[in-house]
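Naming follows writing order (A, B and C), and every chain is counted from residue 1.
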Amino acid sequence: MKWSLGTVFIVIMLLVIVFTGFAQENVTITVQDYFDPAKSMGKFIQERIVEFENNHPNVKINHTFIPFNQLLPTILQQSITKTVPEIIMVNNPNVSQLIKGGVLKDLTDKVKEWGWENWEDFIKGYRDNGSYDGKIYAFQITGNNLALFYRESLLNKAGIANPPETWQELKEQCKKIKELLDISPFAYDAEASDEGSFQFYPFLWSNGGSLLELDQPEAIEALQFLTDMFKEGYIPRDVLNITSQGDLTPWFINGDVAFMINGCWEFGWHLTEDVMQQLGDVKVTSIPVQEKGIRPIVAFGGECYGISSNIDPAKYDAAWEFLEILLSSDINLKINIDSASLPTRVSATEKILTEVPILEPFLEQSKYALPMALMGGMENYGEISSILWVAIQKAFTGVATPEEVFKEAAQTIKGIFSPEDYEMYKQVARELLQEASKK
Amino acid sequence: MKAFSYKIYFFLIPVLVYQLIFGIYPLIYNLILSFKEVTLITYLGGGISQWIGLSNYLQILKDPVFQKAIFNTLIFTGLSLSFQFIIGFWLALLFNHTFPLKGLFQSLIMIPWVLPIMVSGSFFRWFFNDQGMANNFLLSWGFINKPIPWITSKIFPILSITAANIWLGIPFTFILLYTGLRAIPLELFESAEIDGANWWQKILYITVPLLKPVIITILTLGTILTVKAFDLIWIMTKGGPGDVSHLFTTLSYSLAFNKFHFGKASSLLVIMVLLVVGLTFLFNSTKVEEESSIE
Amino acid sequence: MNKKQRKEWKWKWTLIALIPTIIIILPLYFIAIGGFQSAAEIFHRPPYWFPPHPSMEFYNHAWVTLFPYLKNSLIVALGNLALTLTVALPAAFVLAKFRLKLGKLTFLILLFTQILPAIAVIIPLFLIFNNFGMINNYFSVILGIAVFTIPFATVILRAYIKGIPTSLIEAAFIDGADLFRIFRSIIMPLLSPAIATAGTLTFIMAWGDFIFSLSFLKDQTMQTMSIGIYRFVGQYGIEWNNLMAGSMIFAIIPIIVALLAGKAIVAGLTAGAFK
């Protein structure tokens, strides 16, 4: 009796062991980003996850939300404690830092398998940002940039027929509007964060200036122009303390400003169809430049996806498969339509213009848009950006003149690099700028 | 009382051990970090941080922003504590009577501590905007004819932030003083009245002495909480415009997460800890601490 | 004075207390009505004192978004409260009434370990907790927050215990009571106002904790409301109306706690020590 029970028990154990040995290993992958699960981006990713899980029954994907302003600190924490999730989303200015810090995995081999033409279909600026030393680390799937929004009716009231194309025209139009309507008409974000720097780049780069050479006249002129605008009262003083560029739009909607420098995402956010209809006079044009004929050169924003360098090798293939889906041209188009962002693949870009025609100035600018990090010393970009925004604020509040603050800033920036590195990054920035400005 | 001695330690050990492990270790961690040159790359493990001794400290001490930060921290802390205390004390005296709706009002006074600081901080930023409520009032009542740059100038920002922080800290001083006040037996006040004391004398000779432990605690904890304050300043000005309104905490954060100078950020925190340690020693060395203890 | 006159007399205090109360909660008013407006309306100049086209849409959205987090916040905050008071009360008693060398040292450690901001503490703590496999559960968050709430509550309770006449305790010694008995029968009953006070402040701190919950909880279903609120702070900016509506919802529980604690403070004191 006892013996038979024992045999039965052993047999059952053996069967269990055999079956679990043959059973598919369940792979769990985590995708981490800052997309609110209740909004279009978050929902979109979630739908892709469900689709993928259905097609791959042994893979489970968790979708983790981290608040936007905590994403980089969280990734840093995770990196130190070796708990970086398999697939992570990174805001594009931080990609260089994470590449250099060894947080992102080299995906070049997978890209070769996938098909090099897919990689080349991504717009050049995004490719430059996501790769280093010939290796590919991250893909940008959403894009955006800045343009000049204006309220046509307010311009007409002041007798202005066409939006400004040059700095001088902008200044004169602001003067007229201020005299007539007693408002500070030009909303420009000068906050103490990377968004403040982001707003400065169109003025800096269109004028031929460089982040790494702020003591040159091109850079100083750009700052001088904006500082004068601020001092004359054409820019509302409160721009120094807003939380983000999005805070400019309520002023714009209320008619408290006539112009704003803002991004295409606003059409997916404050400037909904209802609001556009209600206002009836919201127009967009490219950012004014120093002289007629110069091409406006802006920075691009947007989100990138990559794979953790510490990923468990058993999970790598599944993670890449999921990532591949997010990178396809159709997805590229769809994911950007809802949030009024710009697709990052050329093939998708061509299609979006018919769906969302108001994006035209943004799409045009995106062809020549430059990656901030590469223009600003790669992994040192964060520090350089912070030096820039402090300088801008100092000039605006009159602590020192634009020339003084930029000369000081340029000194500090130079000191961050070794002399060879400085020359190298300076050259990289110059070349990128030259290429973008070529007609 | 020898019979008690070992049992007393049972009461004390859990807290001591807990804080030693989870409280002291982070202090040591930051201390070690402060002696190294930590860049983003080395922080992430892509290299070894170099040991550079006191170099971070020397660099910080020479930085003009650091000097601003000391000045700002002292003003911020001094003014905040003073006004929070006075207002909290006045409110505690006021609420020491029974009246209808008192419970409701009392819990409403806790609001500044309860609201997420993201929101209340943003409110104050909006309030102090050049085109915000404060200026609206002053302009429409004719006190000024141009908006005052409460948070967009070189000198006002730290004062505006301090005003917001005073609001923020009132629940803390209020509730502590209130509970302490209510524990004072009414008979003491009544007999003082019979002796002819007026309200001022009652406060000075009865209330304050009996509240000494609570008052010192408020000053000590209040100092710690105030010097530690980060979110409010960050939300209102991020230490700006320029770098005029940096305190130790915001400067440290900025060094760590904007410039990725983690070593320097830690050294600044160590300096801050030493400063607060010094201040708390000051508050807690008074003779009052010695009374009524058991050997 | 007859009863009616006494009642009127008391309403005078209500009116006087109304003034500072209104001033203090004025920001709350604007935040509350902000939840009924669009972003453009919130930032209208001059600011609206009444929403021009009030809409329940944002409060609804905020409620739907935040409600799932309610349970987690309660678990963390109440768990932390229980742990904190359990550990802090005995320690506060000893620190207040006994002169021990270890006591002095402990007190100093309690102060020093509160000074560092949470963000400086999170990585070393994460390393410790991760080593013991304790990440990703409520307990780790409770313990993390306790690093700050335990010393905080201990120092506060100590101050109130100092106010209890030592003669009471010494009398009990002479009567032959042991330490636990003294603690339970003499100290605790007198402390309900102090416990209510320390408890309220502790609860509010734990309820508002953000960084420990964010760093120690990987599972989305376990995150607390303080993180939920940050869903309204996105990459394109802040959804002010949702955030303001959400803050009001966030504030409900702590305010209820403060209300209950207020009653406890009054009730406990009428019991009195001097009977």
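Heads up, the rule we're going with is that contacts are C-beta pairs under 8 Å (C-beta built on N, C-alpha and C of every residue); 3 or more make two chains touch, one makes a residue touch a chain.
Keep in mind that this is a model prediction, so the values were computed, not measured.
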Overall pattern in which the protein chains touch one another (line/ring/star/complete/other): complete
Interface ranked first by C-beta contact pairs: B-C
Inter-centroid spacing, subunit C versus subunit B (mean Cα positions, whole Å): 16
Rounded Å distance, subunit A centre to subunit C centre (Cα mean): 38
Distance between chain centroids, defined by C-alpha means - subunit A, subunit B (Å): 37
Per-residue overlap in subunit A, given as positions that touch at least 2 other chains: 73, 80, 243, 256
Overlap residues in subunit C, where contacts from two or more other chains coincide: 43, 45, 119, 123, 230, 233, 238
Contacts with two or more other chains, residues of subunit B listed in rising order: 122, 131
Subunit B contact footprint on subunit C (complex, rising order): 10-14, 16-18, 20-21, 24-25, 27-28, 30-31, 43, 45-47, 87-88, 90-91, 93-95, 97-100, 102-103, 105-107, 109-117, 119-121, 123-125, 128, 143-144, 146-147, 150-152, 154-156, 158-160, 162-163, 165-166, 169-170, 173, 178-180, 183, 193-194, 196-197, 200-201, 204, 207-208, 226, 229-230, 233, 238, 240, 243-244, 247, 250-251, 254-256, 258-259, 262-263, 265-266, 269, 272, 274
Residues of subunit B that touch subunit A when the two form their complex: 40-41, 43-46, 122, 125, 129-132, 147, 149, 151-154, 235-244, 254, 257-261
Touching residues on subunit C, where the partner in the complex is subunit A: 39-40, 42-45, 65, 119, 122-123, 126-127, 130, 135, 214-215, 218, 220, 227, 230-238
Sites on subunit B touched by subunit C in the complex: 1, 3-4, 7-12, 14-16, 18-27, 29-30, 87, 91, 94-95, 97-120, 122-124, 126-127, 131, 133, 136, 167, 170, 172, 175-176, 178-180, 182-183, 185, 187, 210, 213-214, 216-217, 220-221, 224, 227-228, 230, 249, 252-253, 266, 269, 272-273, 276-277, 280, 284, 292-295
Interface residues, subunit A side, partner subunit C - complex: 30, 34, 36-39, 62-70, 73-74, 77, 80-81, 83, 91, 243-247, 249-251, 253-254, 256, 263, 265-266, 269-270, 275, 303
